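Just below sit the structures, each encoded as structure tokens.
Two complexes are shown next, each including chain A; its partner changes from chain B in the first to chain C in the second.
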Partner chain A sequence: MTRPLLEVDALQVRFMTELGPAHAVDGVSFQLDAGEILGLVGESGCGKSVTARAILRLVEPAGAIVGGDVRFEGRSLLGLTPAELRAVRGKQIGMVFQDPVASLNPVLTCGDQLREVLKAHHTCTAAEAQERAIQLLRRVRLPDPERQAGSYPHQLSGGMCQRVALALALAGEPRLLIADEPTTALDVTVQAQLCELLLELQAETGLAILLISHDLGLVAGLAHRVAILYAGRIVEYAPTARIFSAPQHPYTRGLLRALPAIDAEPGVFAAIPGTVPHPAALPAYCRFHARCAERIARCEHEDPVRRAIGPEHDVACHVDLDPAPVAGRPGGGP
Partner chain B sequence: MTLGPAGVRRHARWTLRTGAALLAVWSVVALLAPVLAPYDPTALGTLGADSYRAPGRTHPLGTDEFGRDVWSRVIWGARVSLLIGAGVALLASTLGAAVGLVAGARGGKVDGILMRAVDLMLAIPRAYLVLLVVGILRPSLPLLVIVLSATGWMQTARVVRAAVREIAAGPYVEAAHALGLPPWRILWRHILPNAAAPLVVSATAMVGQTILVENALAFLGMGVPVPTPSWGAMVEEGRKVFPGVWWVSVAPGVAIACTVLLCNLTGDALRDLLDPRAGESGGGA
Partner chain C sequence: MNAPLLEVRDLYKHFAVPQGFGRAPLVLRAVDGVSFDLQRGGTLGLVGESGCGKSTLARLVVRLTEPTSGSIRVGGEDALVLRGAALRHWRRRVQIVFQDPYGSLNPRLTAGAAIREVLEVHGIARGGAAAERTNALLEQVGLSVVQGRAHPHELSGGQRQRVGIARALAAEPEILVLDEPVSALDVSIQAQILNLLRDLQARLGLTLLFISHDLRVVRLLCQRVDVMYLGRIVESGPALEVFKSPRHPYTRALLQAVPRPVPGARPAAAVTGEPPSPIHIPPGCRFHPRCALRVPGCDVAVPELVEWGPRHRAACVRAGEGGGPPPPFSAPGSQPRLDA
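Coming up: the complex of A and B.
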């Protein structure tokens, strides 16, 4: 087997808060192969955005990576000098953010911003940069790229801004794209267009994508594999089809049940009771214990360890130690 | 009267145009003083005969104790005031912007040291510092510009630092870091232009403030040396014969008030227009 493109290994990120040190990411491990799309899913505050930022070391200096490793093409990113890190950011790994309008500089035109990135990563003349900028805008299917290159972000819609942000992320021709909630701020129809675009780009160029989202529906449509994150840890990790057909972790099942089905009784929502524990006040036992409907005595004494329960399927839960493993149940499927 | 965001902007645009236009006219008048002034501002008349002539046909604003034409002196005085006002605003804003930019962008120890320096400078009354330096050294126009700049950059540094910190924590700066742009490039192309609005506003306001301080110094006899005409010094000269011979003090006094008012109106209008919270100009997402 070839080496994975990205390896995140027992990553730990700590922030100092009023309540004390908070491990927003606490031992997250996953791998991403070239051309693969991995969905990183969880509620707000579960650590998915921090994980994404920690890969490019964007959590510093507010937070610190205190354990584990991030390797890209076998090389650890944690020991890089600032200059080496800049050569990875944008050139090896691109990133798009949740709020497309706010993540573009309001005083520069889209073309200016693209040329900035192109000049940072390639040696090229002004004319070449201009041509390349328009090519990139065309590649992200921005209508009328010649004209839009001269537009300011506030003159474009949210969907168009996200395409420009995507063009910026792709300007350095990275092999990996980190997309942090790329469609959350967009209309449903625009979301669908952007998803198609991501799939096209992945198919055309073999781009690997780390897709961060709280939207299981979106992840189901795009990702090859899914990692479910809860309170800074991966609680379930499996191929997408398996997550939806045979979810094992009670939290994953809860998330799937919480998806409103079109044929469900109106007014009935299957919310998971409670909230994610504060990362500065995590219990020493299972972190989902307080919200889990299937908890057993062991859950209150012992932290579950992530272990393989099938091919490419990991779960961190005590419950299915039960001799009769729980299969996917009604309402659990997509 | 309450105005909606659009009304505020329309009003501000009108004020800005009027204020800036009048300031421009006033600056041209000052610049063309050698051509426009009917008399040599320093030429002494026949003592007694030409002293304290009331405003009239030959002297539109009368003459002073030495028979000098007050209108000519007001025009020439505009040169000194506007030059010092603009010079100090430029120099002090550059200094303040540099300090604020470095403090806001670097943070940590550098920020701490620079901001304590600002606190220290603000703790010393500006008038004492200026009077001390100007009192020890011989007052001259360049010295006044330097001293007033050296004691006037702190507010700008604070304003710019606050803007830079806010911008540096914002999403598009994080995105720029994620794209691998070099830090100085981010500072210069992404942070500074977005901090330009508060910088321009504070610089405009500084012109008016500086003119007030400069004329106060001149009133105290610490301004540009005689015989260069200066409004503050003219007000002081007329004080002895006020209100009988009112024009000697009132003419330069009105000039000071009008010039400062124009600067402040322009500054306020700029702030209303450049502050994003004052409303959108339509269009956009």
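Coming up: the complex of A and C.
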């Protein structure tokens, strides 16, 4: 058994808010192997972005990592000095964010930004950096890279900016890419192009990708495994096929039903009642119980522990649900 | 067939984009010749990507923006000639709900006060009657009287959107224009709001113009759908029919790109590139630079909307060809491509 590339172990991140301390991430554990794509799925406020940022310690100092560990290739990232951390950021773990325009420097051309990153990561001459920058832009399939290297971000469309941001993230030749809602700001046709590109990069270079998304449909097409996050905790963790064919947690099932399928019969939209709780005002014990149709008395006075219910399939729920698939999905059946 | 409640004919909205001293402004053609009808009690979905002009069209229909040319008729009455008190009275008939439930509410008014404001502005109710009507409206959108005393920042996104809907309903409109009403919401909350809209429509007999980039939602909510690309409607028809047998290559590409919750089903990038800017609209068919089916002549002649089936029209010279690609979602797992 080889060691996983990334191990997140009982990670806890806390923010101070007006309402008191908010446990945005509360004991999240998962692993990512080399070349694997893991989808981290949840609604807004569930802690998925905070988890992603905490891996590179980008939540500090506003928030604090108060427990757990993050190990990359066996080495803990939480004890690194700022200089050591800089060597990991970008060089071993790259990151792309949701808003492609905001993540680029508006006063530098795309080529300048790439050369700056390349020089930070490698010792290379200006000519080598220029050549490498064009190569990277070509690799992310930016049309006409020689000319676009001289463009400023405002001259490019959202999809092109996201390609440049991806080129920047890949400049240090990282082994892991953290992609935080990389296509949410893009149109659906452009989103499909970006998805193809991510899959190509993963296949060509063995890049591992931690894909943060609210869209189960997107994750279905890209990820090997899926972790469902609710209110700072992983409620279900399984290979992608299992999540869609045999979802176990009532929240996962609710999410799948709520997702309007492009080939579903028109009818009532399946909603999950209530709203996602604020991270500073979480319900005690099972955090989903107030919205859960399956709840039993135990849910309100005992924390559900994440347990294995099948090969690589974990769920954190007291209720022993029927293993038969329930989601109104193709292959699921209502 | 009855006369449509809303009739939009040859609507244009061009914006001037200043280029600095001494240079002629460029023209941004946001809405570039759009016509459609909406029957009373019907639901029309308007889909398209960012920059296609769908939000501008929404603002034109409720007269928040004045069109460059064209006509808008509601119940046979020309809406564009109205001024002053007549316009204010007309506004009660056509109301809008915006995308951003954060930005579209006054942060200093409670939910109840925001609803009561509408009642008072339009002279619908005052004093105790207004308070009573406000509570009834809150209840109608699934909010409690206690939540009516909350300010927007104390409400969740879904609750704020309910307040936005209650405000629109306060004017007792016939037509409700919904500009991306659920795109800022989480998927579990989206379904709550969509169900609410469906119930309200059934109960109040509302006519809905539903603007969205999410084809999945439009397909399930709307009877008819119009697909917009760069300011023009490229396909129009009964929603299920358009989604089952799309005629325009752009509609097909949009459908193929929709992520499906099926493991391993990859969204297919059936078109390359991105929509061009509405300042530099390509000649001929405005989709031709991205189209896999283009033939010589597509870059010259502008295709008109032509009827290909019962009330199903598409603006493409190849829309009538049989043996085209199968519907993108016919067989899960297979990935038909336009160029295959």
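One rule holds for everything that comes next: the second predicted complex is superposed on the first by the 315 of 334 C-alpha atoms of A that agree within 3 Å, B and C clash if a C-alpha of one lies under 4 Å from a C-alpha of the other, contacts with A are read in each partner's own complex, and residues count from 1 in each chain.
Note that contacts are C-beta pairs under 8 Å (C-beta built on N, C-alpha and C of every residue); 3 or more make two chains touch, one makes a residue touch a chain.
Remember, it's a predicted structure, so these values are computed and weren't measured experimentally.
When the two complexes are overlaid on chain A, chain B and chain C sit side by side with no clash.
Shared-chain residue A:Thr275: touches chain C; no touch with chain B.
Of the two partner chains placed by superposition, only chain C is touched by A:Ser44; chain B is not. In the superposed model, A:Cys195 makes contact with chain C only, not with chain B. In the superposition on chain A, A:Pro266 contacts chain C only, with no contact to chain B. Once the two complexes are overlaid on the shared chain, A:Leu255 sits against chain C while remaining clear of chain B. Counting the residues of chain A that each partner touches, chain B and chain C differ, and the larger count belongs to C. In the superposition on chain A, A:Phe244 makes contact with chain C only, while chain B stays out of contact range.
After overlaying the two complexes on the shared chain, residue contacts for A:Pro106 are found with chain B alone; chain C is out of touch.
By the touch criterion stated above, A:Asp215 is placed in contact with chain C alone, chain B being left untouched.
When the two structures are aligned on the shared chain, A:Ser76 is found in touch with neither chain B nor chain C. Closest CA pair between chain B and chain C after superposition: 5 Å apart. The intersection of chain A residues touching chain B with those touching chain C, taken from the two complexes, comprises 157-158. Chain contact summary for the complex, chain A toward chain B: residues 56, 58, 82, 85-91, 94-95, 97, 99, 101-108, 116-117, 120-121, 154-158, 161, 165, 168-169, 171-172.
Put simply, chain B touches chain A in their complex at residues 170-172, 174-183, 185, 189-190, 193-194, 196, 283-285.
For chain C in complex with chain A, the touching residues are 49-50, 156-159, 186-192, 194-195, 198, 213-217, 219-221, 240, 243, 253-275, 329, 332.
If you check the complex, the residues on chain A that touch chain C are 43-44, 143, 157-160, 187-193, 195-196, 199, 214-218, 220-222, 240-241, 243-245, 254-256, 258-264, 266-273, 275-276, 329-331.
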